[in-house]
Structure formats: structure tokens, C-alpha cells
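Labels A, B, C, D and E are assigned to the chains in the order they are written; within every chain, residues are numbered from 1.
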Amino acid sequence: MLTVQDVTCARGGIPVLSGINFEVAAVQALILRGPNGIGKTTLLRTLAGLQPALAGKITHPEDEAAYASHADGIKTALTVEENLKFWAEVYGNPIPESIWQAFDLADLQHRIAGTLSAGQKRRLGLARLGVVGRKVLFLDEPTVSLDGFSVRLFADWLQNTHLAAGGVAVIATHIDLGIDAPELELTPFRVASDKDGAADEAFL
Amino acid sequence: MLTVQDVTCARGGIPVLSGINFEVAAVQALILRGPNGIGKTTLLRTLAGLQPALAGKITHPEDEAAYASHADGIKTALTVEENLKFWAEVYGNPIPESIWQAFDLADLQHRIAGTLSAGQKRRLGLARLGVVGRKVLFLDEPTVSLDGFSVRLFADWLQNTHLAAGGVAVIATHIDLGIDAPELELTPFRVASDKDGAADEAFL
Amino acid sequence: MIALLWRDLRLAMRAGGGFGLGLAFFLIVVVLVPLGVGPQTELLSRIAPGIFWIASLLAALLSLDRIFALDFDDGSLALLATSPLPLEGAALAKAIAHWITTGLPLTIVAPALGFLLALAPEAYKYLLMSLLLGTPALSMIGTFGAALTVGLRRGGLLLSLLVLPLYVPTLIYGAEAVRRGAQGLDASGALILLGVITAGCFAVLPFATAATLRINLR
Amino acid sequence: MIALLWRDLRLAMRAGGGFGLGLAFFLIVVVLVPLGVGPQTELLSRIAPGIFWIASLLAALLSLDRIFALDFDDGSLALLATSPLPLEGAALAKAIAHWITTGLPLTIVAPALGFLLALAPEAYKYLLMSLLLGTPALSMIGTFGAALTVGLRRGGLLLSLLVLPLYVPTLIYGAEAVRRGAQGLDASGALILLGVITAGCFAVLPFATAATLRINLR
Amino acid sequence: MSIWEYANPKKFMAWTAPVLPVVFGGAALCLIVGLVWGFFFTPDDYRQGSTVKIIYLHVPAAFFAINAWIMMLVASLIWVIRRHHVSALAARAAAPVGLTMTLIALFTGAIWGQPMWGTYWAWDPRLTSFLILFLFYLGYIALWEAIEDPDTAADLTSVLCMVGSIFAILSRYAVNFWNQGLHQGASLSLDKEENVSNVFWQPLVICIVGFGLLFIGLVLLRTRTEIRVRRMRALEARARRA
């Protein structure tokens, strides 16, 4: 469903990862591992199409990807429900009723998002993924600030709702999510600092 | 060194935790545990003096506290070194040379902070604690976005540099930091919803 | 697109006043001018058409930097860019929301404030018409400028610097229409040109804005 | 306090232009007025003193919302509040930094722009002096306003609404001083009052600002 | 029992309930008597003709537009010093009433200005300072509306009210400095009654008393509403946590 062939991705004009190859079939997830600063965020942004790959090819079904970044895109002045509803409308879907249970938001449904705690806000950010109705998810450290219970809640949703329905997910994380998925350690793909390939190469 | 007697703290005018008692002696840390939304951030802000406690008493040595919030206070337009230097000057200290090693920032010293990855930024945020020279630290989820190696780096610094020099720390976290410190589970202190004590009580 | 428009309007309403504030700023500029320039009625009535247009322009300007900045900071913009909504549509929705929250109320109220600057009675009609035709262009141009500066901290002033020259034609035709109206001359030429500018802006700038956003999100 | 001042100045320089932009905005407003009002020299020279002051005021206004907003959003403000630096000192440093980045360059350049609005030759001296005495008050008052609205999204316009009436005395005395200078009258009264306002603002407002910040950080 | 007891929300609700009809009744009585007397039973002014009668609306409104701000200042000080919720809410309640009074004064003045000065509006110092007062009201109300947390809003608006008062006075002097103006001087001082002769004076005083009672009544009513809103919020919050 998602194929990545020999991709090089760059941040600030400097290539950080190169020669990345993988494939994720439906009903599968892939976990990206690597120390801070290796380039997980850069890779995910490239996969999501927010920045071009320096080299290589990324294929996934047209219009089937959604991205969740470090930042949540939550409007603090709107209620939890209004926030979700907005994204549901943008993606042209209804809000599935099950979402409130799945992310433990039932009690918070009518709260102004600005008054949520860090973890509650994150849960709301993740719930957005449940309303976009996309098959291919790119998730950047989705469980930051979540407590153990909420991590499990999210892993359950991912496993039993998203993946089970034929979805795919690429997840960068430092913790153990408790879902069974292959892991890709990015360290071997780090671009040696003296190697060529910068965008400004033309000037060298 | 830090005594908390029967403290009640409130968020948005509504009490969230009450009857909290603990004491932390020098060379000790205390880890706050509790699910998302229980009130860890609220308690830490109250301890740091950013908001008043509804009831109870908090004592710690005058002018010896520093607080680290979910947000890092990093200026993205300044370099890593300039960021640290600013805080060092505000607190009237020099930057200890060891800080660059302790938080693995030596390579990043002259980088513009805006180009750091999430985890690198967090390391910079934590390094700030090393320059303020304060004995009492209130840390709110300090290890968010950090990889395993950096978490250990931070735990080492806390144990061997900060605490060993007679410091004290109160840390809210969802993960296992690997330092040996007593834990305080906050769930029992949650304010029962029908209890009085709201700031708006006068109106009821 | 409608969803985005509604959300933006709702946000504008929620976040303290919304509609009222663009207006309030306009009012205040109109009040400040006599305070700065002095109270002579005859002088004021001569500069009134220009001042009204400059005040509208500044009121529009002041809220421009918020068009994309908040969405950029909290990540919504990146999420929007990867959503099925085309960015062109998003740009258009943002411009329309900006106009509804600043341009429109200002257009409605401006004639009521004419007396503060001793505007000639004949000019009221032209003030209303010129603002109605011209302020949408201000919002659309401003949206484009906001997209150009979205990633920059302190983009606010740079934004003004970029946008104000783009505002010049609108300002000149707008003020000229009102001035001619005040003097009883034929103002239809200026009004038509104003309409043409607005139509042109809405035809071209959403695409430029979307392209700019894509680049800034990289 | 010095550290904060330096940091803010450095940030202003780094973040796209800094000094240049407040100035550029001022320049543009001064250019727009002839475009809006029309090119008659005699008319322009009569309104010049007022326009210069209004332009300074708006240039100051436009960058106010950034004084605390960025520090609030990234958490620096909470960290500063728990630091040994008293918030009063922080408020003062912020106001001074704002003045150095907007008021000061504007004061230096304004006389050079006098010709654009056909300012009377005698008035140049008074323009310089009144801006030098008055713009610090604009920065200090603005800092107070920024502290009031720091937690609010879209505080920008509310900020203007709150701050502009507070700017009225400064504006009136400032413009009056220049106008009197232009007409060869005695302007010392207005200048002295301007100085008194500035001194008063710096004596009182840092405390009000710090109190406001503390409330907003709660 | 100290006087502050009456500022307890519950007590306040209790004692205002019976007082309110009395105040409104008195206001209606005074206004009817004053206005009818003023409009129908006083002669036309020899210079101004019947337009002079607008004074019965104009002057009381202007008077209470200023006094409302002073009341807000006092209430803000009480809130800051003693932290009585009711006083903060009373300040909040007074603002729109003061704003309305300001608007009435401005409008009646503008209407009056057309026959008297040949223009609806002139940048006369007194008129100008009223316009500035209007802006202060707007800003004050907008700040209340913009802030979520009621206590924070009360604190911040109090600070604004205090700082604003200083600047309002400064502005008054500034506009005076600026030019002399067309508007009458104060004619309501008790010792000299130069501009307003006796025939106009008596109904005018009744009208002022009527406006005063109306003002008090409206502020009490609005304060009660604000208290109810707060009570509702507190109950909602409690229910939510249940």
C-alpha cells in the first residue's frame, strides 16, 4: 500500500537520511526508531508530501494520507467537539460516534480545548485521526504526554479500528506502543556529514 | 527542604487536588504520578508560585526554586548558546562548562535553536536547569520527546549533579526515569466533584 | 471550504469581540485624525475621503498577520495542506472570513461616522459604494501578503511593508471616487476601476496564495 | 534586566529586519497620506504635524502585540516570572527595547521625511524634540496594553482599542507642539507636558504592567 | 455586622430583590414628572426656542455617563483591595449603562448642535473628551468580554479602569489645551445659575434624580444578572465534574 524506494530526505537544505527503502502492506504498521535528531520528523514530512524528497520515490494511494505532527492543530478557543467537527467537515466525513469512547473524550466533549491538560489535548489531537477517514497515517510521536492508560487506548484504536479496517500507519516514537509491528531503525541511513548531496551542491 | 502542607490547588477556578502533604529533604527527588488531567501541571505551577494555592502552605527556601513547564521558553531565532546565556545572565550565573557534555549539546552549541529537532530542543530546555543554579526544581514532564539515551543522560545529571549537590526536585512524568526516588500517586487527592471549595463557592 | 469559513468566523467571534474590533480600530483612527490634525471643520472635510480610506486600509492591515499565523503555529496549516481541501480554497475562505470580520462591518459603519470628519453630505453614497467594492480586494491582497510572511517571527511589520504598496491602486481609486462624489463630479470611472481590481484579485491571488503557502510549509 | 534588553534587541535584529520595519511602516503611512488625501502642498503642510504623530503612533501600535505574545506562547514569560528578575524590571526592559526598535529610529528619520508632507521648515526642530520626548511614553503605554491582552488570541485588535485612548494626551501634546512650532508660536508648554507624561508613565506603568502580567500568568 | 456583609452575593440578592421595584418606580415617577413638566410646562427659551428642551435628556445623561465611570473606578478599587465579587460584577454591570448614557449624551448633543451651532459635530473639547470616554467604555467592555476566567477578567479590567481614569483626566486637560470650544461651561453648579434659569432648573433636577435612580436600578439589575450567570457557571462546573 505504501512503498518507499531509495528515498533521500533533507532538512534545511541538508540531507539527513538517504537510501531508505521499505514497504508497508495493508493492515500493517511500521515503527520508525532512532535517536533524537536522526530525521524521523523529516522523513514523515516527506512521506506526507509536505516537502519534496531529494531523491527516490514514494507511492501510496492518491488522497489517502493524513499526517499528525508534533503540533496538534487544536484551536484553543473552540470546544473539543467543534475542533473535531471542523476536521470531519474538511475531510467530508461525519464524526463516528465511537470516537468519544475510543479516545476517552466523552466527558470532555463540550469543554473549551484551551482548558484541557497536556495529555487530554493530545488525545483530542489523536482523535482527529479517527475522523479524517484516511487509510495511510503518518504519525510523529503520537503518544507524547500520554499516560499509560491512554497509550493503550490509542494502540487499541490503531490496531483494532484503523489497521483492522485495512489501514496503514508509519509511526515515529521513542516508547513501546505495545502493538506488534516491524520496526525500522533509522541510524544506518544517516547521511555521513562529509558526503555530498546538499541542495546547494550546484555551487560546489 | 520543601514542605507541602494540606495544599489545595485549582485550575480555572475549580479545585482539582486537595489535601496534599509531602516533604522532600535535600538530595531527594519526588516523582508525581497520575493519569492525564489529574492535576500534575496545576500542582507544579502552584508549587512554583505561578498561581496561588486555594488552601494550605508551601515552604521552600526563598529564591531557590526554578520551574520547567511543558513549554521550553526557547527562542528559535537565537543560537543554542545564546539561549542558555540569556538564562544564565537572568539568574546571574556563568554557564558551567560541563553543561555541553551533560546534555549532549556540544555539537549543537552554535546552531540556531529553530533548526533543532523536537528532542534536541527539549535537551536545550533541560540544559537551562543546569545554568539557573537553583536548588529546588519543579519539572513538568521533562523527558517528553527524548530518546532512551537522552533520558538516561538527564537522569544522570539530575542524580549526580543536581541532587548530589544538595538539590531537590519534584518531577511529574509518565515514564520510568530510572532514578530512585519515592513516587506520589495523585489519584487519591482528586477533589470529589460534589465537594465545596470552588472559588465561585460564594455564588452557590 | 465552507467548514473553514465557518470555523474562522466562529474563532473570530469567540476570541474577544471579533466583528467589533476591526470596526473599533477604524473608529479610533477616524477619531485620532482630528485630534492630531486639529479641529478645523473645513480642513477636516477636505481630507475626509482620504482619511476614511486610509483608516479602512489600516484596519484591514492590522488583523492580517493573524490570518495564517495562528494556524501555522498550532500546526493546523500543515494538516490543512495534507487534507482534501485544496489550498486555493483555503486561501479564498480565509480572505472571505477576513472581509466579513473587518471589511464588511467597516463598510456598513463608515457612512455613520462621516460627520466626525465633516464629510460632505453628497459623498456618503460614494463612500459606501467604494468601500463595498474595494475592501474585498484589501482582504484578498492581505491574505496573499500574510501567506508570504507566514513562517516569520515578527512577520507583522514585514507584512505591512509588503502589502501596503499592493494596496496603493485600491486606495487611490477608492479615495478618488469619494472625493469626486463630495465635489459632485462623476465618480463612476473610479468605481468601475475599483471593481475591476477586486475581481482581478479574486481571480488570481488565491492561486498565488496557495503556491506561497506550499513553499512556506516546506 | 540588561540581559533581557539585549536579548530582545538581538531578537528584533534577527527576526527579519528589526529596526528597519517600524520605520518602513512609518514611511509608508506618510507616503499613503498624500495618495489618499491628494497632492495639494498647502493642504499637506497644514496636516503634516498631525499626520507625523499619527503615523508614529500607528507604527508603535503595530508591533505592540509582539512585546509579550511570543514570550508567553513559548513559555519564557512563565519562566521569567519565576526567575530572580523582578517582573517590573522585565516590563521596563521590554518597553525600552520596543522604543529602541521603533520609537528611536522613527525619531531620527522623521525630520528627513518632512519634505514628503511639505512640513514647514521651522517645525523640523519641534518634530524631532516632540518625538524624542513623546515616543517613549507610547512604548511604555503600549507595553502595559500588551500585558493586558497577552493571554488572548487575536489580542492584536483589542490591544489597539485599549491603547489608543491612552495615547490621546501624548498625541495631542505632540502634534500641538509641532503645529505651534510650524506657526512660529511658543511650543515649550506642550513639550514640557509631553515630558511630564513620559516621566509619569515610566514611574507608574512598570508596576501596573508587572501586576497585569502576574494576573495573566495565573 | 459590617457594611461589607451586604456585598456577599447571597445577601446582595436578598436585599436587592425588594429594593429594585422601589428604585425603578421612583425612576419612572421622577422621569415622567420631570420630562412632562420640562416638555410641556416650561416656556421656550428666548434664544433657543423649543430646542432647549432637549436639555432634560442631555444633561442628566452626560452627568451619569461620567458618574458611571467614577462608580466603576470605586468598585474596581474595592475589588482590588477587598476582593468582593459583587463589586467587580457591579463594575462590569455599570459599564454598558455608562456607555448608553454616553451615547445618549452624544446623540442628544448632536441633535441639539444642528440648530444651535449649525453642525452635528464639532471638535469642541467637551465633546471630544466625551468621545474619548466612549472609547474607554468600549475598551473596558471588550476586555471583560475577551477574558474567559471571571476573576482574571475582574483583576485586569480593574487595572485598566484605574490606569484609564488617570489618562481620561489627562485627556481632558489635553483637549482643553487644544482650543476653547463652543460648548457651554458648567451651569449646574449650585451657587451660580447663569445659563439655566429657574424655570428650566427645577424640572431638570427632577430629571437628574430620575436618571440617577434609573442608573442605580439598571446597575443593580445587571449585577443581579451577572451574579446569576456566575452561579450558573459554578453549578455547571460542579455538574460537569460529577
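Throughout what follows, a contact is a pair of C-beta atoms (placed from the backbone, for glycine too) under 8 Å apart; a residue touches a chain by one contact, two chains touch by 3 or more.
Keep in mind that what you see is a predicted model, and the values were worked out from it rather than measured.
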Contact-graph separation of chain B and chain C, given in steps at minimum: 2
Shortest walk length in steps over touching chains, chain B through to chain E: 1
Chains linked by the largest number of contacting C-beta pairs: C-D
Label of the chain whose CA centroid is most distant from the centroid of chain A: E
Centroid-based (C-alpha) most distant chain relative to chain B: E
CA centroid of chain A to CA centroid of chain E, Å: 57
Distance from the mean Cα position of chain E to that of chain C, given in whole angstrom: 35
Chain centre separation (chain D, chain E; CA means) in Å: 32
Gap in Å, rounded to a whole number, between the CA centres of chain B and chain A: 28
Chain C residues counted as touching two or more neighbouring chains: 11, 15-17, 21, 24, 28, 35, 38, 73, 153
Residues of chain B whose C-beta touches two or more other chains: 12, 70, 76-77
Residue numbers of chain E (touch at least two other chains): 132, 135, 138-139, 142, 146-148, 175, 178
Contacting residues of chain A [partner chain C, same complex]: 48-52, 63, 65-78, 82, 86-87, 89-92, 128, 132
Residue ranges of chain E in contact with chain C within the complex: 110, 119-124, 128, 131-132, 135, 138-139, 142, 145-147, 175, 178-179
Interface residues, chain E side, partner chain D - complex: 132, 135-136, 138-139, 142-143, 146-147, 152, 155-156, 159-160, 162-164, 166-168, 170-171, 173-175, 177-178
Partner chain E, residues of chain D touching it in the complex: 144, 148-149, 151-152, 155, 158, 161-162, 164-166, 168-169, 172-173, 176, 189-190, 193, 197, 204-205, 208, 211-212, 215-216, 218
Of chain C, residues touching chain E in the complex: 15-17, 20-21, 24, 27-28, 31, 34-35, 38-39, 41, 44, 115-116, 118
